[in-house]
Amino acid sequence: MSSSVLCFGELLLRLGAPSQQLLLQTPSLDVHVGGAEANVGVALACLGHDVAMAGVVADNALGSAALGELRRHGVDTRHVRRSAGRMGLYFMTAGAGLRPGEVVYDRAESAFAAAPADSYEWPTLLRGAQWLHLSGISPALGPQAAQATLAAARAACDMGIKVSFDGNFRPRLWERWGGDAQAILRDLFACAHIVFADHRDIGVVLGGEFSQGDAQARVDAAAAMAFAAFPQLQYMACTQRTTHNASRHALGAMLLGRDGTRALASVRELDGIVDRIGGGDAFAAGVLHGLMEGFDSATTIRFGLAAGCLKHSIPGDFCPVGVADVMALMDEETFDVRR
Amino acid sequence: MSSSVLCFGELLLRLGAPSQQLLLQTPSLDVHVGGAEANVGVALACLGHDVAMAGVVADNALGSAALGELRRHGVDTRHVRRSAGRMGLYFMTAGAGLRPGEVVYDRAESAFAAAPADSYEWPTLLRGAQWLHLSGISPALGPQAAQATLAAARAACDMGIKVSFDGNFRPRLWERWGGDAQAILRDLFACAHIVFADHRDIGVVLGGEFSQGDAQARVDAAAAMAFAAFPQLQYMACTQRTTHNASRHALGAMLLGRDGTRALASVRELDGIVDRIGGGDAFAAGVLHGLMEGFDSATTIRFGLAAGCLKHSIPGDFCPVGVADVMALMDEETFDVRR
Amino acid sequence: MSSSVLCFGELLLRLGAPSQQLLLQTPSLDVHVGGAEANVGVALACLGHDVAMAGVVADNALGSAALGELRRHGVDTRHVRRSAGRMGLYFMTAGAGLRPGEVVYDRAESAFAAAPADSYEWPTLLRGAQWLHLSGISPALGPQAAQATLAAARAACDMGIKVSFDGNFRPRLWERWGGDAQAILRDLFACAHIVFADHRDIGVVLGGEFSQGDAQARVDAAAAMAFAAFPQLQYMACTQRTTHNASRHALGAMLLGRDGTRALASVRELDGIVDRIGGGDAFAAGVLHGLMEGFDSATTIRFGLAAGCLKHSIPGDFCPVGVADVMALMDEETFDVRR
Amino acid sequence: MSSSVLCFGELLLRLGAPSQQLLLQTPSLDVHVGGAEANVGVALACLGHDVAMAGVVADNALGSAALGELRRHGVDTRHVRRSAGRMGLYFMTAGAGLRPGEVVYDRAESAFAAAPADSYEWPTLLRGAQWLHLSGISPALGPQAAQATLAAARAACDMGIKVSFDGNFRPRLWERWGGDAQAILRDLFACAHIVFADHRDIGVVLGGEFSQGDAQARVDAAAAMAFAAFPQLQYMACTQRTTHNASRHALGAMLLGRDGTRALASVRELDGIVDRIGGGDAFAAGVLHGLMEGFDSATTIRFGLAAGCLKHSIPGDFCPVGVADVMALMDEETFDVRR
Amino acid sequence: MSSSVLCFGELLLRLGAPSQQLLLQTPSLDVHVGGAEANVGVALACLGHDVAMAGVVADNALGSAALGELRRHGVDTRHVRRSAGRMGLYFMTAGAGLRPGEVVYDRAESAFAAAPADSYEWPTLLRGAQWLHLSGISPALGPQAAQATLAAARAACDMGIKVSFDGNFRPRLWERWGGDAQAILRDLFACAHIVFADHRDIGVVLGGEFSQGDAQARVDAAAAMAFAAFPQLQYMACTQRTTHNASRHALGAMLLGRDGTRALASVRELDGIVDRIGGGDAFAAGVLHGLMEGFDSATTIRFGLAAGCLKHSIPGDFCPVGVADVMALMDEETFDVRR
Amino acid sequence: MSSSVLCFGELLLRLGAPSQQLLLQTPSLDVHVGGAEANVGVALACLGHDVAMAGVVADNALGSAALGELRRHGVDTRHVRRSAGRMGLYFMTAGAGLRPGEVVYDRAESAFAAAPADSYEWPTLLRGAQWLHLSGISPALGPQAAQATLAAARAACDMGIKVSFDGNFRPRLWERWGGDAQAILRDLFACAHIVFADHRDIGVVLGGEFSQGDAQARVDAAAAMAFAAFPQLQYMACTQRTTHNASRHALGAMLLGRDGTRALASVRELDGIVDRIGGGDAFAAGVLHGLMEGFDSATTIRFGLAAGCLKHSIPGDFCPVGVADVMALMDEETFDVRR
């Protein structure tokens, strides 16, 4: 019952300090391929779905390497174009103890951000797909990327393909080119079947403030407003994270349905975090898997949270785990070595 | 007052993903030498005993490397034969956080498993030994290995050498060749001076179920049945493990004597586990050291538990720590850097 | 004008000592994926062809990793089955100076070798292919693999698909199961459009000895006999290697056609060899590329030799170079850093 | 408002087992440059002060490397002399879980320890400095180093330069050459504007025992005695450490003023400690920064503790963090990745 | 007799594939700091001169790391400004055997290239300097950088400071912004005391073609034209390189004086090249050292060539060798390990 | 026909820069165990002899590691004492191309050098031995070590045990303590059955100069004088080395007998040298193996040279190769990978 999914977004190379070092404390960098949408794509492919990527990479060895990593995890890269330009990069220092991790972005002027909005033939790219996955990062990268993202979402709507949209609001990116985040994101939310967003994202898009009650009450209020504003929207999902220190977090999650269903996955303690990047993307992939497979809401959100938690134990941006691994964590038997 | 010990069993090479990566996430593997009986042997050698290994390794560079590692830790390898064939391997992904570690075995058809039962001249091999250490893994590897293990145990009995037997019940190995685990293990238990086993092992060997009361009550009941069934048996020891997550466990231990002595070592929290493999073997070595040195039961089980706990902080299968290090942990002064 | 190629054969994991160390001199192994036919497949994919792999891998993390590496280089792995069993391995120490490299094979009883001959539906697998690439290693692995290789070759012949066959005669593998190498290889040669073989291979298959004249004369004589014996055979190609020491070789090559064409690529000195494994496979891929692209014989053999030479400068079994890189070496301008 | 600081002391090379291995478990060592006074110097330079080092290093590649590392972090090394002899070394195994870290010193007969007391022209070296930082390690290294340290302290006093003195009492070093620790340290304390010391250090220097009341009471009593004995002394600061296990400590701190001010920084839990060495030096640098910048006592001790805590998350002896990083931890917002 | 030198240019980070791998063949990159002018500066500092760097780096951890590396090698970095923006990067695959090395530049839009020409107060920066070192790369980076380079050269001329200029003609950089390379370079050559250039560079600047005679004759002719065109020019120096393969080159060098002196350093075979990048910069530094120290031309060019040759044996862009090491190679005694 | 050999000398730890880096260019060191006599011992053990080591190591983790490495290679370490003190170290930068390797010794005041001459009970240590191997390094380390070496040699003579002595003249070590090298070495030569020495060593010991004729003539003359001066001496062997550059040497060897036999092994080109340290020790071990096995002189010197050449291809101080590997090089078939 695997689904066919198209992910559209930028591929990035992460260049990270090894183990727990500061950036360039020793002259070596570990490389990972990532990107919010690609992360979701890889996770879905590893959960058994047919996933293809759309986008643009630099026409050099870095672009090739990024595509190779997607293919290695089973994502179809034939629709990613290669063009002159540079790959987006980010440099990362992992956190440890009371020292938070830190990202230095170097993604401006990338081949993806510079690609004209009409680079993509959406009807062709979307042919056969059941889902299109987008995030709020792509439209924040510049006017061309914003237009391309909107075109993708609209084409999908027109073709009856479900759109999954991860809010991922990044004010600093929007500020760089002065894009109207609210207007553009509202158009994207309007196409979505599911949004990964909490009350802060909804506040950005719909302008409200959600300051009453506890965290869950705020999300409930935001969801109510979102369902009212976006008739096509069926689901809203989000995680709730507490950071005790850089390597110990707690993570819970909620899935709210237009029909009033409201499923909570109870909070899990994440001890000895290996790599927190991509945790939200793995969560999104897990929730999408649940929807694709027809799980009930409670199972879906528990599956999503378990996928997101597992990601925190895996180096890199990707979450290459199978369904059985996620299920095992949902069932919580034991954490001893399996042999 | 060091003892002379012969360990018989298979040497394995562990090929493990570096640090906290998934297996082959990067194309590099860390290598460790291990094997349940060799692990006990190395630990005992580092605690000051004269230890020799018996068994068979492949007549190639891998077999040489395995023997070299034993010698490095002070174990006499002159009695290990080298024959055509392959080394047993296992591939390992260490666990992290909520992701359990995982072992992929590739040990079938090894030179050890394929060695004819009459490869070993036990009277010669056992000459001068005071103890013979065996485990339940060897007989599970196939009919030849089972016969060889039984022959070793019987020869030791005949020569008045104490037999230490670690249950290590592995149903999957037994199933592969259809061996009668119960019958063979019963014969081995019958030769043992001490068994490392809990109520589950005793259930396998003697057929009972131990479902009443708490964990300690079950072990008590099992021990009572074992002492009744095996007149030669003087001690039964086991650990009790709780796995909070892959890198945080709690470990307690019990030592029960035929004379009714019953010593408990109180539970220790194992935080930031480095390598859990070999923890049980280090525990066994610690208990054996206590018996060899004439410690009382309470000291013996505390020494055993401390050795087992230390192992969790050391990469690899071996526990190469000295008596002073174990004693220091028993006394629990401080955990600051010693300088 | 890219071609569609199916490669059938075993995937192996190479576990090699890092840099110039002896095997297990330090406890770390570098991992590469290889296999004679897969090596050809990867090289052809990197030269721009549509390549798919057929075969069987172990249904564990090692098998997944092997497939992932093929996909990373653009080879379609959907037709590789996964079954219980183990992956074939080989352990490698690279040579240096006057110390030759050394391989310790551990490939017996692999999932591939154990797969029943009827595991493969050749008409389905070969649909759409223009070429089938096989080697003499697969039939040497056991009766099932031999039968499967023959079935593949015959199905390709029946479907009008060109068969490329790399002799790769390995007496030690044949001896293990007592297969009739001569008879089986003869049947395979009979299906081939091109064979990668020299006078020694032809001697094995057709029984002759080629001891007169210099190396080229012997190859000429062997080719004449081969073209006579195998009416379907159009080309025979081989390299000629001199090993000054482990890191300096000289390599020439010949391509002989049924029509009497006889093209030589002049000898190149290979200084500072990085990795010699897969050199013959890259050569084969280069020659196949020439044939697929319709190069003349002289250009074809020069392209093949250049590809083979480049492989010696690249770590691992694969030769992931593009057409432009091979062309550049054929033109031999300069070896300074390109910037 | 940056200050000009001279640090005098020995530079050491730390040779440490990688990650969590035992020393020489694999044949590789990670190298860090350290030394109690240099650690303070590097931290102060990274906090924005003008720092110069005085001392002696070996006139070989190791000495050059040590100086290079200081320069890399912005410390002026022009006043460090190079002379024949050896560099002090220490070999280190990091602790993990219930296994404490361990240091093997190899610093005897170093070029620094062997340097004649009259090697240093203090008036020249101290010209322009506002602070001189010393520790109790230098005088413990031998009679020449003790004399040199005293000369430095006295010259600073004479020139009106504030002396900061870190007790760092090391009985084993004093015993080696039979120096009169009490007398020498008393003379050094007498020159100090601030001492980093607790009741144990004061006990050594002034001979008392501080056994009444809790830890804070003992420090209060010791401080009272110190302020009485040393009229020049304005401040005494110390940390209070609890070691739950090798990778989890708790750390609090106190700053006591001659004027009766008494500031406490509340205890912080240090989870997942990366490297505990240099924690006290980073604390000292943080406190000195507070004094130099004119912070009030409460802010000063909180800044000092935050700097000391951050050090525990950074590999190596140095604490190369900026003011903003320390401030961020004092404010404790969140520990999620900053991006 | 050390000189005081200011170097102006861009600092780059090199991100290179480890050992002899292809770029991103494994997910790790080795980092080196470089830049044509900084390379000269580091080499001169290691030869004993007082060297300061001028320029701009990104105001992030990458910029800090680049400055730290310069300081580590003794270069004064206080005059390098830090501004918002990105660091210039280049990705590198080292060559091996018949496979040439390859550089992928990612230096566009760097903080250095974007810095306004009036960022630098040349009279202040040049105060006390005896030499200013520039290269043809800076003006090729864009109009601002070109203007700044010209301003630097003119200020130095005005202040009587000798200008050393390394041609380093990079057509691809000039093309990107359409700068008039000829006009700008001519102005720079006009300020130079020495140029590192051969007949190709002179051809670019003065428009001629030098196609007659052998390589030396062409350089002679070019030099004659240069001395005629640029009255201030006293010296022209260049290397002559033959590339047998990626790891074996031959290198000769010439130094021509306005007074007609003409010194040749005889060709040296460079076997087993470790890192060819920076070879020309080390050569330039060696020649400058000769001029600064007042060596005769023959000694100067031999010193320069020896420095350039040594660089080929050292990983990274820098050539951190002392005078004694260069002298030893000039004297050519033995190449056995010095102990 | 294996022999029983005792080796007496100091064990050293080599701390070397990884691959071709300069020392501490990156903050990591590779560790090897070595020592002239231990190197011979390990080589002989790998060639099948019973080898034991005598000496003293530091009673710390470094000493344990050194002993462990010897045991790993099959050398009996039970007779090595452990005492307070430090291990001798040396820091090494490997050479490359035109840059020679370089050693920085840090071996003064080691536990071995400081051990009293009467630490060793030679009759006990030598019991059962057929050979004692010594070198000129031990007596150069100080008066105690010199006395101990002489005592060992004399005890061996008295017990009819053959003494093998490797000249290894190190003037810098002798100068440090002002020992009378000539007198002490003469006494040691007087006990030797075989010396590894050339005309320079004989010149030191017997005072002559050997300046006439070519290298072989000089060795012949020196040997004649040595056989005349030392009636017990039966053999003198030496290598002749030419260093083209740091990674390409040529090596020949001679073995001269008291009976006038004179065997030469023809010069071999050593290309791509991996590690030159220990080459002379491997040569010595090879020659000793020939004598122990009763090879004729021609075979003995060819075996010795082949062993010495193989060492140059192996990282570290040891030459852990078997008889078959040496034989294979003597026969020189091919240098292709053995598979």
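The first chain written gets the first letter, and so on, giving A, B, C, D, E and F; residue counts start at 1 in each chain.
Heads up, the rule we're going with is that a contact is a pair of C-beta atoms (placed from the backbone, for glycine too) under 8 Å apart; a residue touches a chain by one contact, two chains touch by 3 or more.
Protein names from UniProt, one per chain: A, B, C, D, E, F = 2-keto-3-deoxygluconate kinase.
Please read all numbers here as calculations on a predicted model, not as lab measurements.
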Next on the checklist: What are the mutual neighbours of chain A and chain E in this structure?
Outcome noted: B, C, D, F
Checklist entry - Greatest Cα-centroid separation from chain F: which chain? => result A
Checklist outcome for this item: Check: chain pair from A-E, C-E or A-F whose contacts match over half of those in D-F is A-E
Next on the checklist: If I average the CA coordinates per chain, which chain comes out farthest from chain C?
Outcome noted: D
Checklist entry - C-D versus B-C: which has more C-beta pairs touching? => result B-C
Checklist entry - Hey, how far is the Cα centre of chain B from the one of chain E, in Å? => result 63
Item to check | Between chain F and chain C, distance of the C-alpha-averaged centres to the nearest whole Å | outcome: 45
Checklist entry - Roughly how far is chain D from chain E, going centre to centre by Cα mean, in whole Å? => result 42
Checklist outcome for this item: Residues of chain F that touch at least two other chains are 19, 22, 27-28, 102, 272
Checklist entry - Which of line, ring, star, complete and other names the graph you get from chains that touch? => result complete
Checklist entry - If you look only at chain A, which of its residues touch chain B in the complex? => result 19, 268-274, 309-310, 312-316, 320, 325, 328-329, 334-339
Checklist outcome for this item: In their shared complex, chain A is touched by residues of chain E numbered 15, 22-24, 27-32, 60-62, 65, 86-87, 89, 91, 93, 102, 104, 106, 108-109
Checklist outcome for this item: In their shared complex, chain A is touched by residues of chain F numbered 26-28
Checklist entry - For chain D, which residues count as touching chain E in their complex? => result 68-69, 71-74
Item to check | chain A-facing residues of chain B, complex | outcome: 19-22, 25, 90, 92, 95-103, 105, 241, 243-249, 272, 276-277
